[in-house]
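These notes open a run of structures that come right after.
Both complexes below contain chain A, partnered by chain B and then by chain C.
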Partner chain A sequence: MSPNMSSNAIRLVRLLLILGVILLWELYARMVATSSFSAAPSQVLAQLWPKVLGEPNVRFAIGITLIELVVAFVMSVVFGMLIGVLVGLSDIGRRSFYPIVLLLYGIPQAILLPLFVLVFGLGPASKIAFGFTHGVFPVIVNTIAGMRNVNPLLMRGAASMGATKFEQLRYVMFPHMVTAVFTGLRLAMTMTLLGVLLAELFVSQGGIGYFTLLYAETFNPAALIALVLTLALLAIILNELVRMIEARFSRWKE
Partner chain B sequence: MDFPGRDASQRVIALDDVSLDIRKGEFVCLLGPSGCGKSTLLNIIGGMLEQTSGTVTVNGTPVSSPRPNEIAYVFQESTLFPWFTVLENFRLALKFRGTEDAGWRDRAMQSLTAVGMEQFASHYPKQLSVGMKQRINLARGICVGSEVMLLDEPFAALDEQTRMVLGEDLSILLARRGKTIVFVTHSLAEAVFLADRIVVMTARPGKVKASIEVPEAHPRSPDFMLTDAFQDIRKELYGLLRDEIRQTVAAMRQARDAQA
Partner chain C sequence: MIAQDKLVIRTIQVGVLVALFGAWFIATRAGGTLKLFLPAPELVWREMGVLARSGQLWASLSVTISSIVKAYMIAAVAGIAVGFVLARSRTLVRLFEPVLSGMFAVPLTMFFPLFVLFFGIGPDSKVAYGATYAFFPIALNTIAAFSNVDDLYLRASRAMGASSWQQFRYVYMPAALPVTLTGLRIGFFICIASVLGGETLAATAGVGRATALAAELMETARLYAWIAFVVCMSVMLNLLALAVETRSERE
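Then we have the complex of A and B:
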């Protein structure tokens, strides 16, 4: 069997698996479950358009969440890499600062959410801030980790060819860090999304949290699942985007 | 060369009273037991390490930091940057050196051709074998046009057959260009085959024990290895080195017992 054939076979199995799960879900929802708590895929699809996504307020809420997410993510990346590089550059910085970062990183931040609302209010600011504190740590930690195990021979080689400190950073350290930093970026994307959505669900003022609550309390599971699926799809797309950018930067590894 | 270490017990005197004159265009091999300071000496010559006492001068000027315009380095393992193609690596070397110009591509291709690697210009280092990478490292060293090349066991990571072929190629290449070479090696045969002069060093702290000329013109053919002259020099080197190697091993045992 050629490798092409087998990869096609794998795709086919994967597709069948997904279709199978959807089919089982459909059967379960129609024959077993109570209609006020669960909905079949076909019903979800019917709700998704035009009901849920056709509703301007829902679209607006999704749009706001997306903007909050992007702002929080960009802030996480910029500040995370800046802090990571500054700390990672010096041994003292790393030894004094890194343990603090790791300690903070270990705190389950959900317990801090009321504090964020108190400080940043009910609007988008608290959601961005909460997303940022979720996203920035993986970026810092992975940036520092990426700087640690650069091959010293490559640094010496560059120095022997007359590279300045800046050139050593630019052409040796940074390319070396790409893999670790992208691991951080992918984690940051997931974490930022988690932070923003947590905050959205916790303080619902007509945002996504408001609608999920509304659909749940009015026993409209099809609409609820439709909204949740939309968010899940969004998360997958964003993650794939980061992965595609990573692949562009990693061509030398093949 | 005196490495102070954390306390007196860790202090290492790596090199002691080393005096060496290398002529322009000469190929010198540094040969000695492990840990005798061969690489340290090379690093001092190249300005990668600052000596604790004494001076190094290249072309009459003292060396204290890397001088890429005069000195090119080839290390034991490839220092090609894995994230750039071979050609990009050459370009970067010239850029670091501050001599990137319009003709860089032609010069890079020329030196790649000289080592028979021209068809791999746009490969990434990961796609090449260890021997191919070392060829390219050599080519890069030649391409930047430095007069002095320092080679720190460049063939140590290669299998013996690749090593022999590369050695022959190096001999041919260098015969043409008249570069001054300092070559660190463990291999007696490699030293005799390549060098104009072999500097044998003592066990630590490294001193110059003997300096042996190899009166054979470059480029040398593999037949040279079969001659009596070759075998005689090799034997002489072995005699000189044997005691030093034993001494190194004894010192290592002593250090180990002292720690236990």
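Then we have the complex of A and C:
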């Protein structure tokens, strides 16, 4: 391969590689693997419609999971930015609480999952709570980091021109924090999804977790893979959505 | 002035801890249904002792730690090897880097039932799941580390007659080490979290399984005891990682 392939050629080769992998998977599933553990892509596609997505209960479950995700994400963003701004506002506050936040962030939260279910029940509340605790930390950490990165000269400049504390925050601090905060938001989206899905898989009444378990335990890998791929697609769409909003808010820089 | 600041900060931090434990203590004295969800601190402490003495702690911990070590070894070796090979060619990086980072953006948790389906309910599925999850940050950081080595250094060392091995040892290695280490650290904590998460979801043994079991049996004191062990472990590991990092930064 020449070192200077055009980006179109790169894309083409990448697409061919992915198609090749899918083809190999198809061949492997048809020739070698046993049908109760793996499924060929063509079988997955056949299951996707009408079996999986055609089923109203599955569509409902996906909807519930999306609502859980959105509620947990919005809560993470609101509380995360609030806590982040409060902690990051003063030097002493940041240096006292930032290490505590980092240590809490470092705890493998999966271990708390049974407790969340015990406290918040089997319904959506435990999924939202678990998604929230996953999503809130990246927002806090990146908000604090973003506030720290604002050039103090600009803040003092605004202050000397008579800006109130609120105006300093609104017109100097916030626009400069956008990049860092959005890094946090993108991370929070991934983490919230992780939390919600973990909780769904742990225990679920008719949610996504219920159907994944159902398909896995009845040895229906084609349906399972179809459901998982649908969720993966949703995850990619949500990530892109956050990225687009980020581009919208970073426009002032250009 | 700076020493005084430090004192204030430490006082606030200790104060927060004391306040949390105090609130816990008082809340359990208040009684009511809260007791079911929030056992008294001394009960949790006693349960921690019981778990440690009866050997249950070591039995579960040894399963979990051996899963984590196996998963991490696989992820580290595979991640660095793949990252290094891809980073040798700019075309390969452009070809595969977006695929890898795209896959890492999808929560792999969704595939956990597939891991159980393929590898069974024993530790193997947790090893495979943890290894897969930790592989991505390690590989991505290794790619970033090796493909961002300044061309100038490479050309200079070549001009001064360095062999391939010398170039690797004296240019690539020192330049790529910090970012690779960051990847290894991120991968390590992801590995721990995913092995524990996998054990909580579906397993026959291990700390995650023990925690889920305690919750299912409504033995909340035991549940909190397991949580306390894991929190202590993670705080110690994080402080260790922090100490290593500040030391390597100073050098």
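Just so we're on the same page, the second predicted complex is superposed on the first by the 244 of 254 C-alpha atoms of A that agree within 3 Å, B and C clash if a C-alpha of one lies under 4 Å from a C-alpha of the other, contacts with A are read in each partner's own complex, and residues count from 1 in each chain.
The working rule: a contact is a pair of C-beta atoms (placed from the backbone, for glycine too) under 8 Å apart; a residue touches a chain by one contact, two chains touch by 3 or more.
In this text the structure is predicted, and so the values were computed from the model without any measurement.
Legend: residue contacts after superposition of the two complexes on their common chain; A:118 is shown touching chain C, with no touch to chain B. After overlaying the two complexes on the shared chain, residue contacts for A:28 are found with neither chain B nor chain C.
Legend: residue contacts after superposition of the two complexes on their common chain; A:49 is shown touching neither chain B nor chain C.
In the superposition on chain A, contact of A:156 is made with chain B only, not with chain C. Contact with chain C, but none with chain B, is seen for A:96 once the two complexes are overlaid on the shared chain.
More residues of chain A lie in contact with C than with the other chain of the pair chain B and chain C. In the superposition on chain A, no contact is made by A:60 with either chain B or chain C. With both structures placed on the common chain, the touch criterion links A:10 to chain C but leaves chain B unconnected.
Counting contacts as defined above, no chain A residue meets chain B in one complex and chain C in the other.
Of all the residues in chain C, the ones that touch chain A in their complex are 5, 8-9, 12-13, 16, 37, 89-91, 94-96, 98-99, 102, 105-107, 109-114, 116-118, 189, 192-194, 196-197, 199-201, 207-208, 211-212, 214-216, 218, 220, 223-224, 226-227, 230-231, 234-235, 237-238.
Those residues of chain B that touch chain A in the complex are listed here as 46, 48, 66-69, 71-73, 75, 77, 79, 81-85, 92-93, 95-98, 124, 126, 144.
Interface residues of chain A facing chain C in the complex, by the touch rule stated above, are 1-3, 5, 7, 10, 13-14, 17-18, 37-38, 92, 95-97, 99-100, 102-103, 106-115, 117-119, 190, 193-194, 197-198, 201-202, 212-213, 215-216, 219, 221, 224-225, 228, 231-232, 235-236, 239.
By the touch criterion given at the top, residues 153-154, 156-164, 167, 171-172, 175-176, 178, 251-254 of chain A touch chain B in their complex.
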